[in-house]
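Reviewing the structure listed below.
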């Protein structure tokens, strides 16, 4: 064959299997989204349209890749947990990483106009990704606790910051100065006393991030979507009614559906109600 | 900080620097594009709209990432060469790989309607990617020869195959059987005698693939785009006049532009005319 | 500094940390020991001197590297388990691997004459090594079961094989032919009926391999070495009285000693009696 | 087979091929040799017996592993260059690294008494090792320049330091203080004016380190060892007459021998006289 004398170059492709029987977390981050959010007039401190778009994209990714058992998103980042037994692409690192990153990106652009009907994309957004290998359940729990604690910290800061700027008429420099070194309680106090905002009453999507979870339905389940959701949402106070229809799939006799929640995942309740997330 | 007791999970992120002073080739491939091309009615054996879209996307990627000095595309795949001195993202493997894959994908969806105005995307397309490290110029030459030889082999086969099916009224099974074991000369002969097609007169884009190259203009160049292109296109017989304006950038006193060519890159002429591709 | 313009070459040293909180197994194998054992007149099928030398070397390695919590040896190979919390050399792969391999080799040559006083080394023996990362306790159990099952299979085969050759006067070719396709029971039967050997009465060192274990003594222990050993040897039928004094170390108030056992490690008894091996 | 249900643990052994067509440098370092040299009464600043032992070991390693084309040693470290085309152990990282480290260590202990007949080894010495991948000739030149520049810097410092201590009766603290911040010329001056030592007349082994090189003899060579050495030693002023016989091997019609030199390898002369080192 004409190409055969060059084909040796394939020998430079080094195999990159990920360690078997370990959990894989794929985390995607918006690339230069500070600029992207400015250019597309995202509402500060949280743009609900942008967050819902991210959630929808994440749900699509989990619908396409069944071995993702959990997603957690905040701001312009999303983490996805692949079950430890996954054999996706024979656990080839680059193949899994790029396929997930690419499909996520594609969905983001594809679905954009659904959430921003009046704001055409000015340029193509992109995401970077990484896969981290974790050996056991405890560390996975800590990983997701880490992300949700980060959500809380960032959102509290940003909420006070933008209140100072938007309602308090401080410059951004002044607002940063006001907040410098303040502890959490002080930030709550500023919000409450100066702006009449009770932080704990704010949208849970902002405070808790988004938890995308594949729920298993019992084989003989004849429940409707709404009922099912109520049944399954143990440990979550605000299961969201999404406009798009639930993704209901058959797997042998089990059905699963993908739900978007905004609940605590640091405590045990969420996990105890869904032992299948970490056991597979 | 609230999150600090969980932050140890970051310690599981293993550094992944790529070997310094080596060439990096990033190759992207369409994911399940056989189905994608069917669902979007791509013309067989080559859909010029789809190929031009790929070229445009590749050009955008090279415009955004200056360290890419060469691109080569065929069908639903594209290879990009990063200069060996690149310090992009400190040569972190996953960061480079995912950023390029994501931006490429994003541009593909973003630009789709420009090339398929009457064919809305039915679902989000995606690409997988890999980075291969190559130690020297000779192997890089062989890498690109490998891809262009592959273009030739595939295109010749596909051209005869679809002529047998579309004009010869063979079933796809019959067409495969007709071609089984035939050498290149036989395929040329079938095309010529049965369908009056001189393979060598077919569109060079189909026969040679697309070569996207960042050309350096001399500092005092006052040439117009068209003239410049003619001057620079040594070794290529059909520099393409693109509709979108050339990307002309300043780098110190040098200007560069990104051109799309469909020329031979197996022989020396292309490379001798552009020593800067491999020397950086 | 004179050397500074060359120091950039250090930048090609790629960091190689092993995944945190995973068990590390370092397995060493004799290099070309078939020839080595011939050249040094090892007794077939098992040379007790050679096996005791290996055990002594392994014990020395574990005495020097405290994070090794278990060793298992058979023939010319030894596996060492590093506790999952080990921070040895910051878990740098090559550093750990080469240091253990080198020290093991060095001890082997250093101690040779103690076990082969009348057989000078004819040339320097060497070992290769590898480190394998395992995520959890269950797989570590299976790893050591794998090695001990291998010991059994090899030793049974070799025992019959050499009986056929040495006592049965078969050629090695004939002996292989006799054994071809035989199951375990047949091999036992040949040993018993033709050579009067009850396999289960053979030296446990040969049948079970060597288990080197760091035993923890209770803080207030005033037991003598022999008594302690008896107490600790739960699950093992033949704790060996070694000539060299036990290695007794203080760690806070705990004392540990390294014992050489030849017991079953496939069942639960060994592990249940020593929970600290897998828990650290 | 009895072991088969456990054999899955082999699946955790991740392949580790080194990039093809790149130079491999394996560098070995004595482990805790500061203590080792104290315990074995090494002469300061250089112990010729210890250095000759290292050279002999290196020569043995190169005699055993033909793909090593160059060695460079100083103090307790040695670097070995494997030719870029090497297929040794299919370029498996851990296999090459541990085999070389183990054999080097083994030879060191094996040959010890030949160089230290009156100083028995008090404990087993060990070495750590690493393999670094380098893409081209220029960087290999710089690598060896880096090591030889280091030899010079260290040796000049140590020579003055020990002169101050041994002849100048300074304490080690005082000697370090005397040298702090001094440039090279000052150190030469101290040696000359205070101790009558012309640094450039000192043993080249100390000043240049040891260069172990496999020399190719022409096919029809009928030269004696001594003559050959003279012929081949271009670029080196002090080819050493070794007591052990030269290693002369046949490779097709070529013969090679391994020589120990103490010459400059920073300039071009050494390399120009031996183009085969970097060309293979």
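Chains: A, B, C and D, in written order; residue numbering restarts at 1 for each.
One rule holds for everything that comes next: a residue touches a chain if its C-beta (ideal position, glycine included) is under 8 Å from a C-beta of that chain, and two chains touch if they have at least 3 such contacts.
Quick caveat: nothing in here was measured; it's all calculated off a predicted structure.
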Of C-D and B-C, whichever chain pair has more C-beta contact pairs: C-D
Identity of the chain that, by mean CA position, is farthest from subunit D: A
Whole-Å separation of chain centres (CA-atom averages), subunit B against subunit D: 47
Where subunit C and subunit D are represented by their mean Cα positions, the distance between them in whole Å: 32
Inter-chain centre distance, subunit B versus subunit C - centres from mean C-alpha coordinates, in Å: 54
Sites on subunit B at which at least two other chains make contact: 12, 14, 19, 133, 139
Residue numbers on subunit A that touch subunit D, as the complex places them: 11-12, 14-15, 17, 19-20
Parts of subunit D lying in touch with subunit B, wherever the complex brings them together: 19, 21-22, 133, 135-136, 139
Subunit C-touching residues of subunit D, taken from the complex the two chains share: 1-3, 6-10, 12-14, 28, 31, 60, 94-95, 97-99, 101-110, 121, 123-134, 139, 142-143, 145-146, 149-150, 152-153, 184
